[in-house]
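Encoded as structure tokens, here's the structure I'll be asking about.
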Amino acid sequence: MTAELSLHGIIPPLATPLTPDGEVDVRSLERLAARIVDAGAAGLFVLGSTGEVAFLTDEQRVRVTETVVSVADGRVPVLAGAIDMTTPRVRRQVAAAAAAGADAAVVTAPFYTRTHPAEIARHFRLVAESSPVPQVAYDIPVAVGTKLDTSTVLDLAADGTIVALKDSSGDDAGLRRVILGARERGLDRFAVLTGSELTVDSALAFGAAGCVPGLGNVDPHAYVRLYTAARAGDWAAARSEQDRLFALFGLVDAAPAERMGRGSSALGAFKAALHLLGVIDDARTADPYIPLDDAEVAVVRRHLEQAGLLR
Amino acid sequence: MTAELSLHGIIPPLATPLTPDGEVDVRSLERLAARIVDAGAAGLFVLGSTGEVAFLTDEQRVRVTETVVSVADGRVPVLAGAIDMTTPRVRRQVAAAAAAGADAAVVTAPFYTRTHPAEIARHFRLVAESSPVPQVAYDIPVAVGTKLDTSTVLDLAADGTIVALKDSSGDDAGLRRVILGARERGLDRFAVLTGSELTVDSALAFGAAGCVPGLGNVDPHAYVRLYTAARAGDWAAARSEQDRLFALFGLVDAAPAERMGRGSSALGAFKAALHLLGVIDDARTADPYIPLDDAEVAVVRRHLEQAGLLR
Amino acid sequence: MTAELSLHGIIPPLATPLTPDGEVDVRSLERLAARIVDAGAAGLFVLGSTGEVAFLTDEQRVRVTETVVSVADGRVPVLAGAIDMTTPRVRRQVAAAAAAGADAAVVTAPFYTRTHPAEIARHFRLVAESSPVPQVAYDIPVAVGTKLDTSTVLDLAADGTIVALKDSSGDDAGLRRVILGARERGLDRFAVLTGSELTVDSALAFGAAGCVPGLGNVDPHAYVRLYTAARAGDWAAARSEQDRLFALFGLVDAAPAERMGRGSSALGAFKAALHLLGVIDDARTADPYIPLDDAEVAVVRRHLEQAGLLR
Amino acid sequence: MTAELSLHGIIPPLATPLTPDGEVDVRSLERLAARIVDAGAAGLFVLGSTGEVAFLTDEQRVRVTETVVSVADGRVPVLAGAIDMTTPRVRRQVAAAAAAGADAAVVTAPFYTRTHPAEIARHFRLVAESSPVPQVAYDIPVAVGTKLDTSTVLDLAADGTIVALKDSSGDDAGLRRVILGARERGLDRFAVLTGSELTVDSALAFGAAGCVPGLGNVDPHAYVRLYTAARAGDWAAARSEQDRLFALFGLVDAAPAERMGRGSSALGAFKAALHLLGVIDDARTADPYIPLDDAEVAVVRRHLEQAGLLR
């Protein structure tokens, strides 16, 4: 574990475009990554939930990282999710991500197996020991079933096990607790990133270093404007961008809850939007996600039109 | 998906012995598997929760399956857990298990990602389509966060997508609902196995085909006696074995909840017991599990002594 | 806290018949209670979940208890739910139940507020201190959000704080753990009752003293036959009754999950069945439960016909 | 349901001081209420979670409301929690609160019983029908087990069933969704209050009308300063107050999680602080809460000193 990595600003979690037969669509992914870098993003996060990491084979994961690292070309750092169940398997994922050129590995608490705070801390420390790149902790209780303790996060930050936190817990008070705790302990270089795309102005106001917004695939420019306004202290402008993005975010519920899960609907909507915008060739999501039907894609189109992204 | 597979009786989920440096201890695994077959088990289940499947790398998983298939040598079927997050990754695991000689693949609902009943059914169907071996559904809500619907299970059984259910939900009423539903729909060859090692006599009484008891690693003979008694209609003898095994099962709480998770304690205790019994060379569990200390191992020893397994 | 209370056998949790304007229908309740006593029940449990206790005002609760105590007339004991959020409010409920003639008060862990095992034990002890009648612990995690620890239950049984446990947790292994634990500690007079109406034969086989089956409102005779067969050691007959009752229990899903909650459907179905059988005058459930429509009542009727209770 | 009620600003949920024998300490409650009104609060909320409503008998609840209404004396509105399990019981609570002089009743979704969105909406409508005072919806999933749907809340606001929302869900994105939805639907007089005392500046920034901070019992002046700064657009000052209050809030963890629940610790700490500050005569919490010991009270004292509230 080495390197200096500064994480500030908008770092969208890239969707993974697929071909009709379920392979990584490299050309579409390149366009997507380039569009986001060009919009002014501060980094790229591949292989997160929005990137359908849970659905990609190990080979596909490597292809995604290599492709995006190549597009980034050193201009912005590339963070890669090293998502697997426990320490030995995560170590493999971290090694693969580093070999593919990622600048940092993003790691969750163990899942599938039952865990304990002491085991979670041990997990991050063991992963860090063998990692060639800095480690970012990924707090995503909806996926792994446990929330990272504030004290665990701060201890791991203090001893250099993790360099940043990506918080997708939706618990803004907890996020702020980490930020204030880090400040109190003098952890100046520890970066706290919110994964909640709907309260970015708030998070920046109370001290978050940046944001990892899934909706940033669809409208990266707006998130960059939001960030720029916030850094300039223009909170009214930041809030106005956030409120507009809130409305756009409604596209994730394009499909009814009776017909499919919220993952199918949200990922399907993001990809349908990117397809409608001409960024990716195919809106296919991975199995066993259920595809959006025409009426549902029309809902996505309407959201894009209302946001002024499509006419 | 082919083959005829009859699943009745005791099918312990094998622990995976490890060397001090965390590799699969093949010799110990061979001894463990042989001991269980010799005790009269009807099958062997590798790469389940008890097998620390969530902690083993893909290569280690193959080694486990190959080793146990070799010991079984066609005398009893070997079921292999194909545990991964979603359809594309599970397909890889199934293919690897089949290539390593497993007679069936055991598959859970998707996890890490949010799911929906329609997506779960689709998942099992897509996995079955490409599987060279029969598929067993694994209902384990504590690990994956969702419980399989009775109607989904029965539909998948009716169309041949799954040949059996391993139910580790702990919901005996639900288990019975599946059994009665299968009977009503004439699914005579669909086998329902309980993963609850503490109510095996009950489950056999109301129609379960067999059991997958983690504690069967430690005392396989007792589970075989229990099964034999139940099949002979000697319910008093079956109950008496179960009550004795209940007391023995207390070893899983050898370590206090403040110090480690229940997985660390239970797996650590199973392996400590196997080590004390001379079956495996090392009691090591996988990272980030926390090892039992001497006092905790002494608790395990006491349980073995009280059960008459050690003097 | 005094009295000697022996709880063995079938103790149905009585539904509370309501008039069209939502008051307790005393005449219907008398008929319901009398029918259950005449069928051979060993006791009556009023003001449980099946009795819609959460919906009844304090005055209505008293009326229910007084009515059923009067019908029981000392022939069988009457247990009354003293369901409220915390100690001071439960104490009031217990006092009211005792004053209305109940032979025992049935008490849950605190709810609405967040609890801790030490607080739960303290709750039961404080309630017992001031209770004029014996206390039965009611383990119903689906309602209160916490499961009673086995060790807490056994400690409370050992010091006389509780005389029995009504276990509606659905966790049959846990139920058995309590039974074996009580046996080991010599708590011969501590009665463990299962509230799971679908695994009664199993529970009786492994040592439960009796059962509190909601479906016993609809077919009390069958549960009494089941109990009698089990006590005679005729497990095949017990199982056969249970399997038949399992099919009848399907009526609780008369209404689809999209239209109403499972409580509305189950309580509505129990009451529709009692109305169709001529036991109660009106099938009304309490607000805000949603009433069954005609098609849903027809589903209930079909179940009664198939069970031979209606022609 | 009538009246005009404007809810903007800081509306602390009053703790309920108790005498050593568990009765409402009227004199202490008067002092507490007066102190909060004098600090500039916009209203008083009695009988919330912070008020230990779940522990108070019906008579005690009336006494609390009458006492605080008398102190408020029309200067600020008094909101009263009408906390009970279901519609018929809540109606009684609402009637009692109105009779005691409350200006509005605060009502949760049903609990203890299993619910469904359609039943929740029906519940609020039925309560409103018979309520003499305006109804405020109380979204508190940690207590009742369900989160109110945004669409349900907006529908109830649109038809006048509820005049405000008190959101204690901790889900700031959801809170904002309601605020934006209300704006879009032109519900100008619908007030959204956050119950999250740690992100008040954020909530006010994105449109909340006010806050119901439990910590406002201890330091009402700071919350009023925070609100005033926010309304003046001085977000830096608001944030600075919030950060200071965040540190003070650490007192809720005065007692370790092994020894008691978080409710015991938080309520015990609030009351210990009020006792140390000389506002209330006794720090007693209700049964079965566990009292803080001297070392834990010392932790509370230290927090007060560090916040400059005590020397």
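Note that the chains are named A, B, C and D in the order they appear, and that numbering of residues resets to 1 at the start of each chain.
Everything below uses one rule, namely that a contact is a pair of C-beta atoms (placed from the backbone, for glycine too) under 8 Å apart; a residue touches a chain by one contact, two chains touch by 3 or more.
Every value quoted in this text rests on a predicted model; they were computed, and no experiment measured them.
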Any chain that touches chain D and chain A: none
Intercentroid distance (Cα basis), chain C paired with chain A, Å: 49
Separation of chain C from chain D, taking each centre as the mean of its C-alpha atoms, in whole Å: 35
Where chain B touches two or more other chains, by residue: none
Chains that touch, pairwise: A-B, A-D, B-C, C-D
Contact footprint of chain C on chain B as seen in their complex: 170-173, 176-177, 180, 196, 198-199, 201-202, 205-206, 235, 239, 242-243, 246-247
In the complex with chain C, residue positions of chain D that touch it: 22, 49, 54-58, 60, 83, 85-89, 92, 110-116, 118-120, 122-123, 126, 142-145, 259-264, 286-290
